[in-house]
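Presented below are the structures under discussion, each in the form of structure tokens.
After this come two complexes, each holding subunit A, first together with subunit B and then together with subunit C.
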Partner chain A sequence: MKKLLLALPLLLLGSSMSYAQIVSVPTTTLNLTVGAESAIIVGSTPGFSTSTAFAAYNTSTPFTYYIRTSGSGAGAITVKFTGDWSGTAGPKIVGPPTAGDYLSYVNTVSLPGSAGAAGNVTALNNAYSVASFASGAASAIGGNTGSVAWSLVNDPNYAQGSYNITATFTISAS
Partner chain B sequence: MRRRILFATTSAILITAGMACAQKPTASTRQPIPALPSTSQNNLPGGFTAVSQLQAMPDAIPFTANTPGGSIAGGSVATITWNISQGNNGRTWTLMVGANSSTFLDCITVPVSAISVKCVSASASGGGQTSAGCNISGFTALPDTLPGLSLASGNEGNASSHAYTVVLSYQLTDSWRYTANKCPLNVSYTVVAQ
Partner chain C sequence: MTNVLKTAPLLALALLLTASTAHAQYGDTGTTTVSVTIGPQAGLTITNSSTPLTAGGSNFNLFSGSTGLTYFVRTTTTGGGGSITLKVTSDFSPSGGPSVASPLTPADALSYTCIVASPGTACTGTQTASTSSQTNLASFGTNVHTTSSGSTASVDWTLANDPSYRTGTYNATITFTISAS
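Up next is the complex of A and B:
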């Protein structure tokens, strides 16, 4: 009987020690470098139209942008014209038929962008501000949107015909 | 009557002593045993299963996030090695991995779940029924709690010393939502041996 009484506590000791051993190690450090990135998808621009005779011609260019800037960086969307209107007797950026025959623009940009000021296109190869981005900016995964509304003076001196011009959008981030 | 009292008292003392020198397997945030660079680390009294020489190589793995919307592979795999001695055939070990932060340090826009991990290979050496196998062979989001995912497991084998090696691979899902910066994340490994 004494042996039994001694054996039972020892069995209980054994069962109480049968727990797992857990060992944790130092870590692996995942060093992530997130680069400043940007992209823009410019939609199609409908032809200019006018509501009444000699009212301004209007159209707009939609775009979707993607951007991420660093904590000390910034970003921008600009538009420029490297060539003038097609044709010889129509609208012109350089040397229009009538002084003040501007192609003007108004920017609209959703957050995190800030729309650039409205203005007139008065020179070739000049980068006109469409939007700016502050440091630490990040767009939505599916991108954010914006547009540029264009308006062109309807000058009776324009010869009848079709004219076109190419606008080049650029986005940058740092 | 005295025998019963003696029996009860002896049992209570021995049970308490036994529990004091063993550790419960738990996923709580209890402080784990620090790993020491010595083969004598964590040798429990009484000849019970001991895990030693737990190491993770390399110390750091670089990621360059330059493809928003895409997946970025880590600059290298991670190799985790350790030894188990005084093991028991039929009992299992488990390697777990996780982080104790919800985002990368200095990059609060990058969640830990942007990192996925998978077990590439698991191997064991030694006698008995020792074995090793991957539990998660496809990329799975890294949890932001410890001890984390059970990535690999196997049999401890017999009482002699066995060496285990598990190779892990990490992947980042890049996103426009991340602001540009340099940001580290510490990933912890835990071995549980029954």
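Up next is the complex of A and C:
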């Protein structure tokens, strides 16, 4: 009985210390999965201008791209035209006034991109290569830049007026 | 032998009566002093032992995630205090991805904000996690107590989605420490 009475205070003390047992392993693991991603910001395109009479109209579209490709992946930037020039008597991709009235382009892309070959826009809804990216490519955190220089034949057959066309840029990564 | 059998029950009864009488010799009541010493204590549990960092919305959005915890604390009545801190005890691995110790750019730091229920006081503003030092999550004043079910806190993590990170899965371990005095 005496031993029991002596043990009682110890038991009570033990219960007051039981909060320490609440502590579990106080760690957490941050899990992060990084996948292939890409994004592009296309800047505004100034109106076409020409330096001399009937010289080609020229302008340029700048862009900033962000990309991360996987170790076995790749990436690309393309541009396409889903609709033709506005108006009826001006430049046309399909059925121009004169054969050879092309809208042509020249690509410039900073690393890690590789510029696509220059060419002529001859069809709607065709994805023309602007840049390509190899596996394991990564842009800077602030992005990298590129541009497409456009040139349009200044055909005297174009009626006076203003004409517009929308170019759609697409970037992809795998 | 017959006499032994007859007298045995009587003898047993006599012994029992004697034993009960013996107790009476200690008195009808007894006292003891029960004492307990309550000291400052602290403990915590992590709600989610694994914290996924995900990037929602458009490409290259920030990675973010949240770690919840329940804490228990008692600080002394005068001059006491306490804190919850955290430290990156294992940096992101494998290599090629984010790094707390050696981020690719200053913008690639692992940062966090704190949400702490009373009686704790949350860290102020955005903190930068470290592999070399403890960084603050919460602080406690003197003579504060949680309830027996504890109080909650959470850490909201943010990590830049640097295109330079190689694709893959990366893990880092965060260790939380709570103290009270």
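FYI, the second predicted complex is superposed on the first by the 142 of 174 C-alpha atoms of A that agree within 3 Å, B and C clash if a C-alpha of one lies under 4 Å from a C-alpha of the other, contacts with A are read in each partner's own complex, and residues count from 1 in each chain.
Please note the rule applied: a residue touches a chain if its C-beta (ideal position, glycine included) is under 8 Å from a C-beta of that chain, and two chains touch if they have at least 3 such contacts.
What you see is a predicted model; the values in this text were computed from it and never measured.
Undergrad: Should A:28 be classified as contacting the first partner (subunit B), the second (subunit C), both, or neither?
TA: Both partners, subunit B and subunit C.
Undergrad: After the superposition on A, what does A:68 contact: first (subunit B), second (subunit C), both or neither?
TA: both
Undergrad: Looking at A:55 after the superposition, I want to know if it touches subunit B, subunit C, both of them or none. Which is it: first, second, both, neither?
TA: The answer is neither, since A:55 touches no partner chain.
Undergrad: Pick one for A:124: touches subunit B only (first), subunit C only (second), both, or neither.
TA: In the superposition, A:124 touches no partner, neither subunit B nor subunit C.
Undergrad: Which positions of subunit A sit in both the subunit B and the subunit C interface?
TA: Residues 5, 8-9, 12-13, 16-17, 19-37, 39, 66-71, 73, 136, 138-141, 143 of subunit A touch both subunit B and subunit C.
Undergrad: For the complex, which residues does subunit A have touching subunit C?
TA: Contacts found on subunit A: 5, 8-9, 12-13, 16-17, 19-39, 66-71, 73, 136, 138-141, 143.
Undergrad: Residue numbers of subunit C touching subunit A in their complex, please.
TA: Residue list for subunit C touching subunit A: 30, 32-38, 41, 43-46, 48-54, 58-60, 63, 65, 67, 69, 72, 74, 89, 92, 97-98, 104-105, 107-108, 110, 150, 157, 159-178.
Undergrad: Enumerate the contact residues on subunit B facing subunit A in the complex.
TA: 3, 6-7, 10-11, 14-19, 21-26, 32-35, 41-42, 44, 46, 48-52, 54-56, 58-66, 68-69, 74, 78, 80, 82, 104, 107, 109-110, 115, 146-147, 170, 172, 174-194
Undergrad: Flag every residue of subunit A that touches subunit B in the complex, lowest number first.
TA: Those residues of subunit A that touch subunit B are 1-2, 5-6, 8-10, 12-37, 39, 66-71, 73, 136-141, 143, 173.
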